[in-house]
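As written, the chain order gives the labels A, B, C, D, E and F, with residue 1 at the start of each chain.
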Amino acid sequence: MKFIIAIIKPFKLDEVREALTSLGVEGLTATDVKGYGRQKGQAEMYRGAEYETYFVPKVKLEIAVIDELVSQVVEEITTVARSGKIGDGKVFVLDLDQAIRIRTGEAGGVAL
Amino acid sequence: MLKANKPILLGLVGATLALAPLAATAQEVTLESLKAETAFVFNTMLFLMGGFLVMFMAAGFAMLEAGLVRSKNVSMQCLKNIALYSIAGIMFWALGYSLMYADVNGGFIGSWMPYSWPEAGTVNDGSYSVGSDWFFQMVFCAATASIVSGAVAERIKLWPFLIFVAVLTGVIYPISGSWKWGAGWLDNLGFLDFAGSTIVHSVGGWAALTGAVILGARKGKYGDGGRINPMPGSSIPLATLGTFILWLGWFGFNGGSQLAFGDNANASDVSRIFVNTNLAAAGGVMVSIFIMALMYKKVDVTMALNSALAGLVAITAEPLMPGPLASILIGGVGGAIVVLAVPMLDRFKIDDVVGAIPVHLFAGIWGTLAVVISNPEGDLIIQLTGVAAYGLFAAVASATLWLFLKVTIGIRVSDENEYEGLDKAEIGVEAYPEFTR
Amino acid sequence: MLKANKPILLGLVGATLALAPLAATAQEVTLESLKAETAFVFNTMLFLMGGFLVMFMAAGFAMLEAGLVRSKNVSMQCLKNIALYSIAGIMFWALGYSLMYADVNGGFIGSWMPYSWPEAGTVNDGSYSVGSDWFFQMVFCAATASIVSGAVAERIKLWPFLIFVAVLTGVIYPISGSWKWGAGWLDNLGFLDFAGSTIVHSVGGWAALTGAVILGARKGKYGDGGRINPMPGSSIPLATLGTFILWLGWFGFNGGSQLAFGDNANASDVSRIFVNTNLAAAGGVMVSIFIMALMYKKVDVTMALNSALAGLVAITAEPLMPGPLASILIGGVGGAIVVLAVPMLDRFKIDDVVGAIPVHLFAGIWGTLAVVISNPEGDLIIQLTGVAAYGLFAAVASATLWLFLKVTIGIRVSDENEYEGLDKAEIGVEAYPEFTR
Amino acid sequence: MLKANKPILLGLVGATLALAPLAATAQEVTLESLKAETAFVFNTMLFLMGGFLVMFMAAGFAMLEAGLVRSKNVSMQCLKNIALYSIAGIMFWALGYSLMYADVNGGFIGSWMPYSWPEAGTVNDGSYSVGSDWFFQMVFCAATASIVSGAVAERIKLWPFLIFVAVLTGVIYPISGSWKWGAGWLDNLGFLDFAGSTIVHSVGGWAALTGAVILGARKGKYGDGGRINPMPGSSIPLATLGTFILWLGWFGFNGGSQLAFGDNANASDVSRIFVNTNLAAAGGVMVSIFIMALMYKKVDVTMALNSALAGLVAITAEPLMPGPLASILIGGVGGAIVVLAVPMLDRFKIDDVVGAIPVHLFAGIWGTLAVVISNPEGDLIIQLTGVAAYGLFAAVASATLWLFLKVTIGIRVSDENEYEGLDKAEIGVEAYPEFTR
Amino acid sequence: MKFIIAIIKPFKLDEVREALTSLGVEGLTATDVKGYGRQKGQAEMYRGAEYETYFVPKVKLEIAVIDELVSQVVEEITTVARSGKIGDGKVFVLDLDQAIRIRTGEAGGVAL
Amino acid sequence: MKFIIAIIKPFKLDEVREALTSLGVEGLTATDVKGYGRQKGQAEMYRGAEYETYFVPKVKLEIAVIDELVSQVVEEITTVARSGKIGDGKVFVLDLDQAIRIRTGEAGGVAL
């Protein structure tokens, strides 16, 4: 199993979720985060003083998937979340030792 | 039948008097006495209505400031605003009113004593009820203190602030107020300040300026190399609400300062004041929006809000005489002052959290001088004398008091408390405990 | 030229009357009739102005409660407040006013019938217009219901609450109100309650107390071993705004209860009431701040807000007679009551979400008894009789109604709905859908 | 002693006049002149009080809209509301008032010129002060513009909106207003609209509807297959506060439109208007709550808030004549209109962010027709003529202006700006910068 | 060392924290997240239009633990966080290379 | 590649971000979190009732870095984020299998 972490633009959330669902992903967890990267925040003005904002709002998805789905999921995210503009985000893949469904205690791929 | 039963309602003394007047006094009623009594009631109503509108400005200041400070200091700002209004209400009774109005006689100060009102049920002498006048004057005094609280926000300790307010509302404001409104030396000289551009707003502004300077800027506000780090306010809608409430209150502030509503001419003048007051605020907003659109492309709503207030402050010294265009322009200059002075103060590292100094002090000075434009009795030298006298007194008295508080109990919270926010440090109750920041 | 055209403006009947009066009635005008008519208009204005100020208290309660409940229940609290004000407005017409004022004749209850007003364009009998009086009494009735809504927040279902409000405003409040303000038995006895410390505030407070007890505490509020789990309110600035709005409204509440504004003495009394009302609230705030600073080091702003209201409730039974110092102290005791009673209720596991019981019930009782301090016509035994009679009736009637609702349709949401929040369960619209909690 | 000193207070002209009247004019006072002058002052007070209440509706609209838009557009909405009120205040002086009231003479338009007031200190002719009337009419004009701002929110650019407001308040509203309130052709015809269900609310509603249609819906609002994607408002308590403020303001709106308060009959009529206005709003709320409970099980608080306003709009054309039950029902139909029309507009993909079109346009039409129910002088054909004439003119003029702005400077922000929010794109200041969304 | 990620129902947070503390866990980090899974959001109604909410509020816990504690911690979470209803959440176990306490620079198990 | 998770005090965020930038880190993701650990929340008072807050506001940084930078990044964070007071936070290092830049599809170290 792999633990996929994807940082995407917030307005892509619904599209990505739908795309993954149709791949057979049954669950994921989303978090509002602030991203720092090549895409810079706008220069903002407050009460006559200019300032830079370094962080841009992003959404982080965490998706535990069985090994068979990994490449499809990664592929699908990169396709659907891509706008081609700077700041589209990243996908990170980590190794996942174990997964347990709390409700039933089931472990492994069936828990996802 | 209903009607027959109803008159016996609430309030013992009130009810008795309410039912009695015709019978009891009918015999002595003359045309003159009726005219005078009617005018008395109208004048009293003007004070009470103006008074409650200005009272509500306390809520306006509270919301404006709650919206413009960061969320970690919002509870503190709320507490300070309700506390300062309470303190002003008590101190202006205990000391203020008499210091301001009792036996000034062209001098520099009134008398040291609490004030008192005629007993319940008494027919009052004069052309308005004594209590209504006190109420109206008290809410002006409280407004002066409200001005200070925003400028020194986010870093001042609670208790020294409250002590400052007690002295400001009980002593400083009343003494300087006596010079003009108590018929003191500046009134004799011919200084004009209809509703208090100087007497209220500049005095509050000086107290704010000295406070902001003596306290120093918020930690992190001014970086190396002149970098200014904005600390955006937590809630623009609350700041907007506060501004609208203040705008509303200003009709009471300026309109009530006509002090009379008992006949055609006075009622017409109060109406004129309403209109001019509104036009000046509108002028302030529009001028500031135009300047910002030209200078910055974007239109900072917090500056537009400040500019409405600056327009109001500017017209306050003479809301009666100007025509409509003059009112718009007088207010408009107030708006321009805000847009230009806010960044200027930052350049001097004077950290005025809500813009109180440009709005109340700078626009207040402008408004006081602008009296000569429309009022033929205005004299620029005398107006300048007044501005200087008030400035000197208010700045010296305030600075002395701030410094005294600084060396005795200390006025500034620790860096850690400032970082964590005053709400945690002094209130124990966060303003928005559930929202993630 | 403008002027010549302008008078033909809006409103048919109004316009006609506005232009006609001099011509139509000039022949019969006498000094007495003019004096009476002028007083009539002043009195009517007092009711309308007082009325709209008290009406706005509905917004004050809504904001206070929206600020003091957790964010998951804020939409519900908003709905309940606008609904209760609407219900009170309809029920007080359909039943309330007549039950309170029609043919009470020293008894215990008025008549069962809807109320009606003179036709449009009619000259009204009496010393104020019929409609203005109804409006003023109606907003008092609505305030009584507002008191309840905060105490039972975060766990009560919508419909039983609305039914309770309908009966409270249509039947319970009017019946008990008739005893004093409808010239019923307690009025005959000499019970004094100028603007309703007992009639409005304690009655609302008893309804709140019985409701809170019968509903039970919010899940998780009281832990094992007497542990109290605080559930901090979602927005301190909204609670502060609500308090200021209530404070503003109280000038209408107490000032309007003079019921007359038509001559020097009455206008002066209303002014005195404004001043005393303000001083009492200020006293409440200051006393509570001092106590908290001594007891807890920190100054909980929610308690200071409650204390302002307690000061106002305390002075409401007699806002006219006390001098300034007495007003401050009467209000100050109100503030002390809040600081001491809020934790005490928690110890009894009575879960009053917004502090309505200390503010309205306890301070209301205190204020009713404190009448004897300043009003020589006050009699402690009679005041106690009134407090007890109102308490008994309001508590028994409310408890009966709450229990009836409990066993029939049920008054409490399911544990799951309570956990998820009433907004999701009953409103479907979250108060702050975008903010992460 | 205090008293002896006090009269010399603030305000030069005011003070002089305040002290002088008795002496100066005593000789010519007659019973008639006193009655007339007293009525003059009462009428002026009605306009000023009504005026400040309606002025405060600007804050009500600002809060309602700030609460119902998403947080990324809240600063913009705040700016637009303070700017539109300012623009209306200036344009109604520069053009509007004269276009509406000067030399209409049964025609279609007044005169093109700025307005002016009598000098300070002047005794005004007529039965109320000139300035108070202007102030009262101006705030009505501003309310018309406020209606538009909510419907076109979240996607319109700042400057085209402000230009639209300038033309609406300076030209469109005044011209159509002249037809009835300026004693133009529709007044001659016998069209009735007491306080502006059509003249203010429908006109604003048409401007809103044409704007919403020409702008198009917010991106993502309407999905494939008729799917409607809700975009919940950011703060229900602010929307609730706004609604209560508007409700409060409506007492000024309708009550002040009686235009006279100087005698028993007029004061009684104003009271009747207060009562009916309140009952209609209450009816709107209750009917909508019942319908929602039946249709949806849950009670959407935003619809209940809209329904209060729809009840108010519905009674505005005739707030004087109906009895209590009729008022409740007229308002109740307004509430029903909201609940049914809001989803209907969505079906037509007309994206009205705050519900302005059902509330002001549909309920405004209903209210205008409902005049015939209670007012025997009302004629359904003439009412329909008025509705159609106002609709035609307001829709054509507004649509032309919107289209002109669209093809010249463009009215809609870019998709990216819309997605990011107008606050970032045009204001640079986020409404809630600290809260995670 | 392992890095345990648990998604739980928000109202279980305090119970879980207490349970883990008594196991000897001395620290953890909690985040408010939005979960998508078998448990669907309610059908909501806004202004007469029905809509589905896909995400349900959840709390994510991140707990770094020494290997000896892993099975106990997982066990305890599954026990305490279980309500038996759909949406109780998941426990994910990842491998943790290194842990450092910033204050002291200590690394490894002692840093936790 | 490694996936570094750092829990720090919120007021250190800007300093840490600047320090990492000068090391050559081009992106990172920040989240507001609540931390439980040795540093206890203050005893708070609400309406006369005392209560403990168990969680303290923290910021979590997630930084994917190439292996060569790992020790420098960890070193820099521990240095810059250190105030010496309890609650300074932790750095966790996990193994990172794969990283993809959504905009371009690039994978591996170049995607960071």
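We take it that a residue touches a chain if its C-beta (ideal position, glycine included) is under 8 Å from a C-beta of that chain, and two chains touch if they have at least 3 such contacts.
Worth saying up front: this structure is predicted, and the values here are computed from it rather than measured.
S.K.: Can you name the chains that touch chain B as well as chain C?
M.R.: D, F
S.K.: Would you mind telling me which chain pair, A-B or A-D, is linked by more contacting C-beta pairs?
M.R.: By the number of C-beta pairs in contact, the winner is A-B.
S.K.: Taking all residue numbers used at the chain A/chain F interface, answer same if over half belong to both copies and different if under half do.
M.R.: Mostly different residues: under half of the interface numbers shared.
S.K.: Per the centroid of Cα atoms for each chain, what is the distance between chain A and chain E, given in Å?
M.R.: Distance between chain centres: 18 Å.
S.K.: So the centre of each chain is just the mean of its C-alpha atoms; given that, what is the distance between chain D and chain E in Å?
M.R.: So the centroids are 52 Å from each other.
S.K.: Name the residues of chain C that each touch 2 or more other chains.
M.R.: Residues 31, 34, 38, 45, 49, 115, 130, 232, 235, 241, 296, 298, 300, 302, 428-429, 432, 435-437.
S.K.: Residues of chain F touching 2+ other chains?
M.R.: Chain F, residues with two or more chain partners: 31-32, 44-46, 94-95.
S.K.: Pairwise, which chains touch?
M.R.: Chain-chain contacts present: A-B, A-D, A-E, A-F, B-C, B-D, B-F, C-D, C-E, C-F, D-E, E-F.
S.K.: For the complex, which residues does chain A have touching chain F?
M.R.: Touching chain F: residues 2, 5-8, 31-38, 54-55, 58, 60, 74, 77-78, 81-95 of chain A.
S.K.: Quick one: which bits of chain C touch chain B in the complex? Just the residue numbers, please.
M.R.: Residues in contact with chain B: 31-32, 34-36, 38-39, 42-43, 45, 49, 53, 70-71, 98, 101-105, 115, 125-127, 130, 133, 180-183, 187, 192-196, 232-237, 239-241, 243-245, 247-248, 251, 255, 257-272, 274-275, 278-279, 281-283, 285-286, 289, 293, 296, 298-302, 304-305, 308, 320-321, 323-324, 328, 375, 377, 432, 435-437.
S.K.: Would you pull the chain F residues touching chain C in the complex into a rising list?
M.R.: Result: residues 44-49, 51 of chain F touch chain C.
S.K.: Within the complex, which stretch of chain C touches chain D?
M.R.: 1-3, 5-15, 17-19, 21-22, 25-26, 29-31, 34, 37-38, 40-41, 44-45, 47-49, 51-52, 55-56, 58-59, 62-63, 66-67, 74-76, 78-79, 81-83, 85-87, 89-90, 93, 114-118, 120-124, 129-132, 134-135, 138, 158-159, 235, 238, 241, 426-436
S.K.: Sort out for me which residues of chain F touch chain B in the complex.
M.R.: Answer in residue numbers: 11, 32, 42, 44-46, 57.
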